[in-house]
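Take a look at these structures.
Next come two complexes built around chain A: one with chain B, the other with chain C.
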Partner chain A sequence: MVHSGINVLFEGSNFARLMAGLWTSIWIAAISLIIGLAIGIIFGILRTLSNKFIRFILRVYLEFFRIVPTIVLLYLVYYILPRTFHVNWPATWMAVLAFSLWVAAEFSDIVRGAIESVPKSQRESGLALGLSKIQLFRYVLLPQVIKLELPATINLATRVIKTTSLLLVISIMEVINVAQQIIEANNQQYPTGVFWVYGLIFILYFVLDYPLSAWAKKLTNERK
Partner chain B sequence: MTEEILKVEHLNKFYDERQVLHNINFSLKKGEVLTLLGPSGSGKSTLLRTLNGLEDYKNGSIYFHEKKIDPSPKEWQILRQKIGMVFQSYDLFPNLTVIENVLLAPVKVQKRDENEVKEEAIKLLKQVGLEQYLNAYPRELSGGQKQRVAIVRALAMKPEIMLLDEITASLDPEMVRGIEEIVELLSKRDHMTMIIVTHQMNFASRIADEVLFLEDGHILEDTPGKEFFNHPQTQRAKDFLDSMDY
Partner chain C sequence: MKKKNIFNIIMGIVALIVVVSAAYFGFTQPNLNSGTAGSRWSNENGISEIKRRGYIRVAVFGDLPPYGWVNDQGKRVGYDVYLARRIAKDLNVKIRFIQVNANNRVDTLNSNKADIVLANFTVTPERKDIVDFAKPYMKVSVGVISPKNAPIKSAQELKGKKLIVTKGTTAENYFAKQSGVNLLKFDSKTQQFNALKNGRGAALADDNSYLYAWVKKNPKYVVGIKSIGSRQYVSPAVKKGNRSLLKWTNQEITKLTQKGFFIKDYQTELAPYFGKDIKPTDIILK
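The block that comes next holds the complex of A and B.
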């Protein structure tokens, strides 16, 4: 039993290091979501206005972030920004930047879709009561939009959390990166350690993402 | 002389290239009920929507209390507080309760005292038999109940004119009568000035002081209500009334 793989988790500070890695993933995801959702709601509203130029630009922005794989995006901010634009931020900030822009793009589309799916007659009966455009948005459209978009937003959050596993490509000490190091360092002593380490990571991601995804599912079902 | 509230002069309305209202002229006195009749597609809804600033118009003028309306969004926003409108599809706000639906505009737009408006709103809701539903959400109400709330919501603004566009058309037949009674009471008891679009000829003949008969965006007749139903002047109007078999 001494050499059972599970012990790799408790060797030295391994467990604490994994947890620290997880924490890095969580805060990068959380801050990116906060920034991205804030920008995304503004972009989403702008995309429902009649200005064709703004709509075109934001559409291009969305398509760019949709088409470019996240891993390429991370390389872009990590390698191009410092060299070309002399931005020398720590890698974690670069990750927050890339993720925020990506979340903003995805969320702008969710917001636009939700605003457009509120029936036109809601807008008209609000206007007919003398509400200003801003009051109409604040009291009538926004509450309905939030309700409509919530499941998609939660799903986006789970995707962001999962995608933090790519951060190892720009050398961020997130949980997968830590895991790699632990596995390599203990390969001799615990040949089966890899199963235990990744098993633990599986459970950690599951614990983070499952409640969110169950919540989104519940909201979607309630609407039917 | 009764006061003239609304006057429309030489109004033309286009959807893109297509003209849907041709040279519309009429006026409306305080307390008068004007009924718009005409076949489907004749422009009745478009005319009502134009009078509430939901549609722009190419040329012509609309006067409210003898003052020409400047058709800007700002001016329409102010005027809509005096010109209430109820639609066929009774669009209550689903995120708000019945009482919140009614209070929203008086409190937020007219900045009236919430308690005072609430007292009035409850009185109005009582009159239409909805006092038990103050805190219900629209999805918990029947079509007829929703339409009553929509009427109360418009009335809570204390409008000078009410525009009603086929407000019974989506209701089950047994609900129609109740709504019609509410509208008739509004006219007879409160002397509310109204423009009503309806396909219910019995109702129209009871309530109309004046009838505008439209076809293809033209006013073919502008006749006092009694006379229109007894002796329509044009053959088109005769045919229309015959086809309605009321």
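The block that comes next holds the complex of A and C.
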């Protein structure tokens, strides 16, 4: 066990590099979530309006981002967008763009579902009390909607964090990409290094996602 | 229920620690993952534009030792990277690396993510249609390895024997056209080398540069046939139509070849991996 594979993690700056890669994943996921949720709220509310045209457009938008795999989306923004529209941002911002649009689509459906599942009697009681539309939304719908949508939103966040592992296809140095560099560079010295490097990544992702998932579960249980 | 709560709280704290330490490493060591700052807005990448903006964007491999990889200090090294740094130095500009995989090298150029590709890019007629190749700086061809105690030194000796190859390689292409050789095909490099070790074939054919490095690690085998079939070349590639950079790169390669730069490159980056049996002239061009 002189050359135990676990040492691969502590050679040179390997551990620091993996963590720096993880940070890239975290901040891209966090910013995408913030932007995506903000847009998603607006789209979600618009989708409950009676205007058929707006609803149709937003429905198409949702279905597009739901059907197209994220990896294809990343390819589209990174390789096709610059070629056809001459939009050429750094890869990380392209990733934020793709992820935000995807989060916005998914979240708009969550918001719409939550608004529509508030019992009709609540809305009617509010109107009967003489609340304006904005007051109705602020004091009656919003508090209930937040409670209804929160577990699904947290689940969406865990999905976004996991999906950052696809970013390696667009040359972003996130944790998986760094891991592959380390594995290939140490293949000779640590043939079992692959197990330890991916093992560490498994633990890191688990540690990030588990508290979120536990929180969502707790909220769901409380609602019952 | 109580126990689970404590577990969840602990997991929450651990997650917080991971996020904070990741942020710490992310902010304090931004240079560790060189190439993060990847591509900037630019649709102009002629030679004058590169000089004006002060950096050249080079697409390299990050996981192919000894050609383009990242060492334990987080520094990009390798035969291709050594050339890349020299090109930047001779242009008197800084260098920015874009890490690519084998299958996005062309897209990286065409989408203006990089000015030049130095990623073990073998010149093929199909690729010539979509990118512009400069003069080659390395040659590769198919080689054959066999056990030291039963070496195979010529194509004649392969007749009627089993030859191990990986699907889709030039080695497979070449030997599929030769009669009398039984091919045993595998999906990955790891599989093919394991098959040879288990004695499932008399020999194994692949790009000779891989084989040199592998034989160094596995001294029971020899590269019996160093090169067979047509020779192929590895060249820098630029975006189709980028004439000024192509012209400059051609002059640079010629100049560097005359100066013996590639011999030095070979000795620094490749020799430690290839062993003594291989001479620089097996890889580099004169």
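Quick note on the criterion: the second predicted complex is superposed on the first by the 222 of 224 C-alpha atoms of A that agree within 3 Å, B and C clash if a C-alpha of one lies under 4 Å from a C-alpha of the other, contacts with A are read in each partner's own complex, and residues count from 1 in each chain.
Keep in mind that, in the parts below, contacts are C-beta pairs under 8 Å (C-beta built on N, C-alpha and C of every residue); 3 or more make two chains touch, one makes a residue touch a chain.
Just so it is clear, the model here is predicted, and its values are computed rather than measured.
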Message: A:172 in the overlay: touching chain B, chain C, both, or neither? Say first, second, both or neither.
response: second
Message: Looking only at contacts as defined up top, I'd like to know whether chain B or chain C touches more of chain A.
response: C
Query: Can A:83 be said to touch chain B (first), chain C (second), both, or neither?
result: second
Message: Quick check on the superposed pair: does A:211 touch chain B, chain C, both, or neither? Answer first, second, both or neither.
response: second
Query: Looking at the overlay, does A:143 come into contact with chain B only (first), chain C only (second), both, or neither?
result: first
- request: Based on the superposed arrangement, let me know which partner A:13 touches: chain B (first), chain C (second), both, or neither?
  value: second
- request: Please indicate which partner A:188 is in contact with in the superposed arrangement: first for chain B, second for chain C, both, or neither.
  value: second
- prompt: Looking at the overlay, does A:125 come into contact with chain B only (first), chain C only (second), both, or neither?
  reply: first
Field: Contacts on chain A seen with chain B and repeated with chain C across the two complexes
entry: none
Query: Where on chain B does chain A make contact in their complex?
result: 52-54, 73, 77-78, 80-81, 84-85, 87, 89, 91-96, 104-105, 108-110, 150, 153-154, 157
Query: What does chain A use to touch chain B in their complex?
result: 119, 121-122, 124-133, 135, 139-140, 143-144, 147
Task: Over in the complex, which chain C residues touch chain A? Could you list them?
output: 8, 11-12, 14-15, 18-19, 21-27, 29-30, 32-33, 35-43, 62-65, 69-74, 98-101, 104, 107-108, 110-113, 217
- prompt: For chain A, which residues are in contact with chain C within the complex?
  reply: 11-14, 16-17, 19-24, 26-27, 78-80, 82-83, 86, 88-92, 169, 171-173, 177-178, 180-188, 204, 207-208, 210-211, 214, 218
